[in-house]
Every structure is written in structure tokens, then in C-alpha cells.
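Look for chain A in each of the two complexes below; its partner is chain B in the first and chain C in the second.
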Partner chain A sequence: MSGIEFLRITVLVVFSLNGLLALTLIVWKALHRRRQKGYERRRVAYLTLLSRHLADPDEDLEMSPMVAEDQAFLDALIDIRTSVTGAESDALAEVIGSYGVMDRYARRLGSRHFRIRRLRAAVALAEVADSSRAGVLMKALDDHDPEVRIQAARGLGRMKWTPAIDKIVDRFSIETPWVRARFSDTLIGFGQKATWPLVAYVKVNHRFETAGPTAAIRTLGTIGDQDAARPMVEVLEQAFHLEIQLPTIETLGVLGAPIAVPHLEALMDAEDWRLRAKAAGALGDIRDVSAVDRLALGLTDRNWWVRRNSAAALGKIPGGVRLLYHAISSADPFARDAAAEALYDAGELIAARRRVDQGEATPNDLALIRLIAQEEVLAS
Partner chain B sequence: MADDSETITTLLETALVARGYEVTVARNGPDTYEKGKTEKLDLVILDHLMPGLLGLEIIEKWRAEGIETPVIVLSGVDDDRTVVQSLEIGAVDFVRKPFRLNELMARIKQRISG
Partner chain C sequence: MILEAFKWIGYAAIAYFVVMQLYLVLLAVVSGFALRNTYHLGRFGRVTEMLSSKTSPPISIIIPAYNEAIGIVDSVRSMSIVSYPRFEIVIANDGSTDDTLKRLIEEFDLEHVRIPYRPDIATATVRAIYRGHNAVDITVIDKENGGRADALNAGINAARYPYVLCTDADVVLDADALVRGMQRIVADRERTVGVGGNIRPLNGSEVELGHLVNASVPGRLVARMQVLEYLRTFLASRPAWSAMHALPLVSGAFGIWRRSAVLAIGGYKAGHLGEDLDLTMRMHRYHRSNDIPYQIVYEPSAVLWTEVPDSFRVLRRQRIRWHRGLMTSIRDFLPMTFNPRYGALGMVTWAGFFLFEYLAPMIEFIGWFIVPTAFFVGALNTETLVLMLLLAFGAGLLNSLASLWLDEPYGYFNDPKSTSRLIIMALIENLGFRQITVVWRIRAIFGGRGVRGWGNMERRGVANLATDS
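Moving on, here comes the complex of A and B:
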């Protein structure tokens, strides 16, 4: 066989294979489109049947039990179930029970089906949140697919299945940030029942890792249970990772825990400016009047963020505004700027201008207006 | 009946037709706005978050053009600000999703017969 002949045959084979591949793709796409259209048609038909049943509960559904094998029926049922509540929701729960829908989803979730089928099953079980399926969802918390685990946790949260809390919290150490964030949402839904499992998790793990405990600390802040304040103060005393200390300080502020004030005041002398700045912010959130003197000192801190946070904190605490007005007459330009900004943010400039218009201006009002006008000139 | 969710429109259309009402359906903001302008409607059940034009924007545009068709807002957005804003710009009622079908039907009946 000559070289030219060999080349010709090679080109022919390559072109034929390409043609075959293109044809296969076209046929596959056409079949997929047809299947999709059929699915949509059936879903709308099921929606209409279920809607008629809800509009008139005396009207029988008259569907074969086999429809429960049809994904279009299952999707229509779950869609409509999430849209209504009250008596209609109960009527659909009856349909779900009588067609064995949850049994099918539970089997799918527990099997080695394709990922998408397991995920659909997890979403459906989470939406319906029938506590008789809690066991399947508990197992699904160990599924190798993160989205399935997220849906399993969501479902357990919706059914308020408290035995799931420990398992969800334990997974904080091994999950990705995305899954941890979604687990955190679920735990927030459990409210105060999640407080102690989270506290225990943080206390045991904060010395060895940071990502999981940090997420747990922030979750405690969002839950807002005051019982978490004392253990968080203990964590703050023991923690040596900045990644743990910073969210703990923030959470103590969010919790508004007066018990933390002496510890936060002590942190305003820390070497690291991030600790000092965070502590100032938290003291402002706690709004304890005993902190104003220490925060006033923060106005002269060597770091801009600490000065800014101290001033903002003073703006939130009763008696703090008086100190801010005092600071705008200070010889220290840094303290002056921080105080002026905090007064501006607290709406004091607008109030001062109004008092000037009404002829009731105080020396403080005039000083604030003058200082901000100077800053505006400098900025322009 | 204006909602981008086929599930909601099918459910409400079926329930309303079963009660003897005549129903027109729209699935997006601009279509809803046009139908409100061109068709004689007794009542509009309007979703807030719709593609193209938000429900509240549609009410504002209708009111600015003198179209006073009563509107019940049906929405999954349930923050107080949206509820208050809906009523302030001229909606006659606000129903949160998920909703009770019978309760919504009673509200519709009251508005239409009223």
C-alpha cells in the first residue's frame, strides 16, 4: 500500500467516525428533547389533577399507583406541596402517603442510584419533612455528595430532629466551607437546642483546628443564646489562635454579654491591633456604660482601626457621645477625626445643623460643624 | 392571575375556574402590565418577584396611568416592608406564600362581590 493510499484511507476513516459521532449526538439530543417535552407535559397534567383535587377534595384523583414511579408526578406533588399550607397541605400529605411517595424517595436516597436521583430524593424528603424518614436522612449526612448531605441536614432541621444536632456539629471539622455554612443555617433553625452541642464542640476543638470552631462560634452568635456567653469567655481566655479569638470577641459582642466587658477591656491593651479593634467593636455592641472610659482611651490608639472602632462604639453607648464631643476639641488630630466620623455616623451633624437653623446651637454643635467643614475642604 | 411559577398559576387557575371565574394568566412582568392595560379585569392576583418587572412596579405604573383594578399581592417575600409598601401603593390585600387555598378563594370572592 502506497503512502498516498494509506493517507486516503486514514482520512476516510476519520471523517466517517466524525460523521457517526455527530449523527449520534444529534439523535441523542433529539431523544433528550422529546423526553423532556414528555416530562413537562405529564408534569402539567399532574399539576392540573392535583389542583382539581385540592379545589374540590371530593373529586377522586383516579390515578394508577404506578404514577408514583413517574418523576413528573413526584416533582408536581412536591412543587404544589411547597406552595400551599393548612388543609391543602394536609390533603397533599394524604396523597403522598397513599401513593407511597416517601417510601420510594427513602429507597432512592438509601440506594446507590445516580447522584441526581439521590439528590432529588433528599430535596423531596427535606421539603416534606416527615419525621418518620429521619433515619434515612441521618444516614444521608454521611453521603459522599455534599449537596445530598446539605439537603439531609435541611430536612432534619425542618422536622426539628434534635438527635441530628450532634452529628451535624461533629461534621464541622471535615466539611468544606460551603457545606459548613449550610449546616450552620440548619443549626440556627434549631435555635437554643444547638447551643450546648456547639459550645462543647468549640471547647474541645479550638486548640487543634480553626475552620470548624470558627464556624461554630459564629453560629452561636447568630443563635443569640445568652447561655453561650460564659463558655465563650472561657474560650477567649484559653484560645491562642487569632482565627479563634477574633470570632469569639465578635460573638460576645453580638450576644451583648456584659460578663465579657472586663475581658474585652483587657484585650484593648493587646499587642495585636486586630484584637484591640475587634474588642472595641464588641464593647460598642454590648453597650455597657462601664466601658466608656476605656473606649475613650482607644481614641488615642496608635492604630487607625482601633480609633475608628472605639469612636463608633462610644457613639452607641449612653454617655459616649459626650466623650466624642470632648474628643473633637482634642489636640490629637487622630482622636479628633475618629470622633467626628463617629458623630457624623450617629446623625449628630444633621441634628447640629438643625439646631443652628433654629437658633439653638450649642458650642459642641458649632465645633462639630466647623471640624467637618474643614475636613470637607481638605478632602476636596 | 400573574405568577412566573407554573405550579401556582395552574393551581389557582384550576381552583378559580372550578368556582366559575374566568381567568387570564400572565407569567412575566411586562405581559402582566400589558394585560392590565388592555383587558377589562375585575381583580388581579399578582406575584411580586416576576421576571422583567416587579409586581410592585406594575401596580405603581398602573396607578400612575389611572388603572385602578384591585390587586391582591401573592408573594413569598414576606418582610414587613414589602407588605406595607404593597398596601401603600394601592394593593387591596397581601397574601403570603405558602398560602391556604380556601382562604385565598374567600378573599377573592369578597373582593369581587364587594
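Moving on, here comes the complex of A and C:
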């Protein structure tokens, strides 16, 4: 074939391809729009039929068994499921059972191919959260597709299937960060029931790895179970990875555990500024008045983050505000601004302005207003 | 001899365009495969579960503003209703001479406050800081004029959270844009230092209460052409670069960055006309030369809508500014071009920028004179010339149509009418529009005075853009 012939054929192919792409795109858009309208119409029809049936269970549904294959039917079921309770919920469960909806999705989830079909099945099972399908979802926790695993955990969480907790926690070490984050959400949904499996996981693993235990420690903080405070203090004492120490300190703060105060005060003397800054923040979250003096020292720390966190912490603790007023006349401009910010966040500026308006301003009020708003207020 | 030279230069110029278009088509094919994965996750992956998650990392939204009085309030409102568990908004008022600051103070009930401002990155003087007790934390940094990069740096200095979204004041975020962008961070927090979002032209679309309610193809040709350009860039190129771990540009309008990484490289380069390109490339260079594992990714489902120029005059100014920014970056990062040490970034994407963005206007411009001259002096075979031109045109069209197909799953322009309008645009953009942009870029190379600073276009405000359709 000569060069010119090759060029001719190439041009012909390119233009044919262009024509084909343009034509199919327009046709596809038209079909897609039609399909979308059809889906919306069917979904509304299913919602109407289901609502009537739930209001009067004697009324026949008059639907073909094939509706179970229809995504619009499933979406209508999910929509309606979130808004019914009691007898209506039982009647809906009967409909789901009689049309074999969950059987179909459980079968699809078990198939090895067609990623989207399996993912849709996992979403459906998670949304409906029918505890008779817990076994299928437990198995799906080992699925090779991360999104399927996430949906399986979500479904098990929604049905409060406590045997799943251990399995989900066990997978923390081998999961990707994305899956781990979603697993954390599920465990948070389990509440206090997840506390001890997570504590056990952290205590066993924190010396050998950081990613899984870090996520577990943060999950414990969000669950907020006070029972986790003592084991977390023990972890803090034993941990030698900064990646473990920092979230543990944060969690102790979130838990508001007074038991941790002496340990956190000791950490305010740590060599690493990140530990000192985190400890200051946690002391503020715990709001224990005994920490006020140590936090006041934090205002003179050599690191600006520690000074800022100490000021913010003092703003949260009764008695701390007094020290912040003292700090706004500090020679260190950064500590002064940090104290002013903390006072502003604590609502002191509004209170000070009110007192000025009422003619009851104190010297502290005037100093704060002058500093923060740079307004000249004449003491009268 | 001269005839022979004309012949080969003419063929070389046309062959260059054929190769360039085929390179872009190849990128579109790779992008198609890359998009398949993210599309499935977006559609079925329940990314929005991050919204109710208490483990989602907080983020600071940085908005640089210069004379944005007309649209700043709508923009901040749009940002403040974005769906995300924890975020703050930091607006850096870059010495505006209009009512930008006044409007912000009045609308959001802000007060002049003292907060610890630490200039980790040197900027023009900060005059004052304002804050208010709103549902969303809003901080305004009022500073002296220093340009967009300088304003962004001031915002980054004041940011309190570990991630920053650097954006613009004339944009509307899709409600789930932030969560979709941040999903890429959560998916690999250790390595991900930057995430770029998908920018779409807002002109012609309807915005209500800070939300996009109806996406339409703009009525004005100049804006409609840009719709096609943005689709090609954001759906037919960037996904491929991202998949190759070689994304050279995270757009300034939607770039999520790890704050500590931005501080480590000294922030945006003040005065640079392509500060987003420069920052992305420096981020690559810093991590690679220090052997720090990292990735900078592109997330097509994180969508941001921006006002694009709707007159040739403003578009010209914008394109000259962009090309001058590109030229500076090409010069700054020349050692990375065709450098295998930088992997696909040096060998494919940055090399592509050099060959097909930087050199393209010059070669095309030369081609305009050489090819007709060679043809008239009989140095070129008519059939070969016509076939090569057709091939270049056809490949360009193929690239545009491929990007329209790639856009299909996102369902923004779902009616056949809008699609037909864009297809017609793909056909006619080579008949004039493309040539005009070449002239502008040539002007950027040889002149380009008066394009420094913010290079602002006349704003209509994000809520007033539906009227041109």
C-alpha cells in the first residue's frame, strides 16, 4: 500500500468514526432521556401502589413478579422504607419477601462477575437491611471489591448485627484507608458495643503498625464511651510511635476523661512540639480546672502552636478566662493575639461590649475592646 | 532546492498537527478508561457517606478577592452551603478598590478581630482580620494588593485546617464537590498532597441561592466554544494524566492541597501569571527530588462552575495571560522536560505541554505562511495536502466528540438539542476560533503588555449568568 492510499484510508476511517460518534451520541442522549423519564414514571407508580397497599393491606398490589428486577421498584421500596414504622414496616417486609427482592440481590451479590450488578445488589441489601440476609453480607465483608465490602459493613451496621463488629475490626489492618474510614462510620453506628473490640485491637496492634490502630483510636473517640479512657491512657503510656500518641491524646480529650489530666500535663513538657500542642488542646477539651496553671505556662511555650492551643484551651475552662485577660497585655504579640482570639471565641467581646453599653465596663473589658476591635473607648 | 525545502517544511508543519491531534485522541482514550473507575465509584460508591462521618478531615476554603463586590456575597453563600462536615472560609481581600470588603462585613456581620496571624509565607502587609459568629466560620484577611498568588498565600497562612481548597470568587461549587474531592484524600491520606477538580463554564446556567439548578449550553458563541474546550481539557486529558501519576496542573479555581506541603514549597509564587501550574510543578519537583512518596490526582466528579469570558476582548486578555504563565513555567521547569527521572510527567505530560502547548502557536503560525506558499509554488501535492489537512481536522473533531461522550455519564447536558449545538460547535471551531487563539498566543510571546496582576474580566456575578442563553 502506498503512502497516499494509507492516508486516504486513514482519513476515511477518522471521518466515519466521527460520523458514528456524533450520530450515536445524539441517539443515545435521546434514548437516555426517554429511559430516565420512564424510570421516574414507574417509580412514582410503584410509590403510589405501595403507599395504598400499606394503608390498606387488603388491597391487592397487582404487580408482576418481574418488578423485582426493576431498579425503579427497588428505589421506591427504599424510599418508602425510610418513612414507615410498626405495622406498615411489617407489611412492607412482607411485600419485599413475597416478591423475592432480597433473594435476587443476595444471588447477585454471590456472583463473581459483573461488578456493577454486585455493587447494586450490595447497596440494595445495605439499604433494606433485612437481618435475614446478615449471612450474605458477612460473607461479602471478604469481597474483593472494596465498595462491596463497604456496603456490606454498612448493611450490617444498619441492622445492628453485633457479630459483625469483630470481623470489621479485624479487617482494619488490611483495608485501604478509604474502606477503613467507612468501616469506622459503621462501628460508630454500633456505639458502645464496638468499644471493647476496638480497645483490644488497639492494645494488641499499636506496637506493630500505625494506620489501623490510629483509625481505631479515632473511632473510639467518636463513639465517646468513657470506658475507653483508662485503656487509652495505658496505650498513651506504652506507645512510642508519634502516629499513635497524637490520636490517643486527641481521643482522651474528646472523651473528656479527667483521669488523663496528669498524663497530658506531663506531655506539656515533651520534647516534640506536636505532643505539647495536642496535649494542650486535649486539656481544653477535658475542661478540668486543675489544668489551668499548666496551660497558663503553655502561653509562654517556645512553639506558637502550643501557645495558640493553650490559649484556646484556657478559653474553654472556668478560671482560664481570667488568665487570658492577663495575657492580652503580654509582651509576646503572638500570645497576646492568641489570647484575644480565645476570648473572642469564648464570647467575651460581645459580653464586654454589652457591659460598656450598660455603663458597667471593667478595665478588662476596655482592654479587650481596645485590643480586639482597636476601638478607642474612653473610660468614664 | 528551495522548492524541496518548502515541500518538506510544509509537510512537517501539517504532520506536526496530525501528530498533535492523534496524541490528544490517545489521551482521550486513556481518559475513557481512567474515568470508568471513578464514575462507578461516584455512581454507586456512596461517597456522600463522608458527610455524616466524624472522621472526615476538615478543610479551609481560600477565596482570593480583588474588586469582586458584585458577586462576592453570592459566592461566599454558595461556598457556605456546600455539603461537608467541617470547614471554614477564608477570604483574602487583596486591596480591593471597590466595596468588596464592605459588602462582606455587612452581609456576614463581621467584626474586626485580633487573631494570631503567622506569615509562614511572606505576603504583602495584612491590614486587618475580620471574623463573625456565623453558622460557618468566615474569616476575612484584608491585605494590601499583591496579586492573586499573594492573596492565596495570605489565606493559606490564616487557614486553621490541614487541607486548603484554593478557589476563586466567581465560582459555584456543586453541593457534593468538596466531599468528592476530599474522598481522594481520605482514600490515601499518606500520599495524596493535591486534588484537582473539574471546572465547567457557568455561563447560560441558572443559579439559585448559591446552587446550580439548571446547567445549559451558553447562548453566546464565545462562551459555548469554551464549554467544548473545558470538556476536552477536563474529561479527555486530565484523567489520563492523573492515571499516569503525571498531572502537571491543578487548576487555580479548584485545587485541594495539603497545607503543610504548600508551606514546604513556599506557597504560590507571587506575580506569576500561571501560579497554579507553577505550584503543581514545584510540588512534583519537591517531592521527587526529596524522594517523598506522593500523588497529585484529578477528580472529575468534583465539579466547580466558573464564569468564563463572554466577549472576545476579555477572552483575549485571559488567553494572553495564560500563555505568558505557561511560557514562564516552561522556562522554569525546562530541566524536567523529556527527563526520564520524572517518569511520565517528564516524558509524556510536560513534554506534551512543551511540544503541543508552548510550540504549537509558533509552528501553526509559521505553517499558515509556509503551506500556502509551498502549495502555490507547486512544492506540495494537492491530494496529499488536502488529505493531511482533513486528517488533522478529523482527529481534532474526534477528540471533541470523544470528550462529549466522556461527559455523557455525568448527565449535565442531557437533551439532544444541547448535544447537537456542541457538535456543531466542534465542527466550526476550527474555522476561525482556533486561528484567533493562535494570534493571541503569538501576541503573548512577542508582546503582551498590560496583562499583569489579576487580569480581571468584567464580572456579572454568578447569579446573573443565565441571561445570555
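Basically, the second predicted complex is superposed on the first by the 281 of 380 C-alpha atoms of A that agree within 3 Å, B and C clash if a C-alpha of one lies under 4 Å from a C-alpha of the other, contacts with A are read in each partner's own complex, and residues count from 1 in each chain.
Definition applied: a contact is a pair of C-beta atoms (placed from the backbone, for glycine too) under 8 Å apart; a residue touches a chain by one contact, two chains touch by 3 or more.
Computed from a predicted model, the values in this text were never measured in an experiment.
K.L.:
Looking only at chain A, is it chain B or chain C that touches more of its residues?
P.N.:
C
K.L.:
Does chain B (first) or chain C (second) touch A:Glu5, or do both, or does neither?
P.N.:
neither
K.L.:
Go through the superposed model and pick first if A:Ile26 touches only chain B, second if only chain C, both, or neither.
P.N.:
second
K.L.:
Applying the touch criterion given at the start, work out whether A:Asp185 contacts chain B, chain C, both or neither, answering first, second, both or neither.
P.N.:
second
K.L.:
Is A:Leu119 in contact with chain B, with chain C, with both, or with neither (first, second, both, neither)?
P.N.:
After superposing on A, A:Leu119 lies in contact with chain C but is clear of chain B.
K.L.:
When the two structures are overlaid on chain A, which partner does A:Ile80 contact: first (chain B), second (chain C), both, or neither?
P.N.:
first
K.L.:
For A:Glu88 in the superposed arrangement: first (chain B), second (chain C), both or neither?
P.N.:
A:Glu88 sits against chain B, while chain C stays out of touch.
K.L.:
When the two structures are overlaid on chain A, which partner does A:Asp56 contact: first (chain B), second (chain C), both, or neither?
P.N.:
Touch partner of A:Asp56: chain B, not chain C.
K.L.:
Kindly list the residues of chain A that each of chain B and chain C touches, one partner per complex.
P.N.:
Common to the two interfaces on chain A: nothing.
K.L.:
Quick one: which bits of chain A touch chain C in the complex? Just the residue numbers, please.
P.N.:
4, 7-8, 10-11, 14-15, 17-18, 21-22, 25-26, 28-30, 32-33, 36, 115-116, 119-120, 123, 147, 150-151, 154, 176-178, 181-182, 184-185, 188, 211, 215, 218-219, 222, 304, 307-308, 334, 336-338, 340-341, 344, 349-350, 371-374
K.L.:
Write out the stretch or stretches of chain A touching chain B in their complex.
P.N.:
Within the complex, chain A contacts chain B at residues 44, 47-48, 50-52, 54-56, 76, 79-80, 82-89.
K.L.:
Could you please specify the touching residues of chain C with respect to chain A in the complex?
P.N.:
Spelled out, the residues of chain C in touch with chain A are 40-41, 44-46, 49-50, 52-56, 111-118, 131, 133, 183, 186-190, 381, 383-384, 387-388, 390-391, 394-395, 397-398, 401-402, 404-405, 408, 411, 414-416, 419-420, 423.
K.L.:
Hey, which residues of chain B end up touching chain A in the complex?
P.N.:
Answer in residue numbers: 5-8, 10-11, 13-15, 18-19, 97-103.
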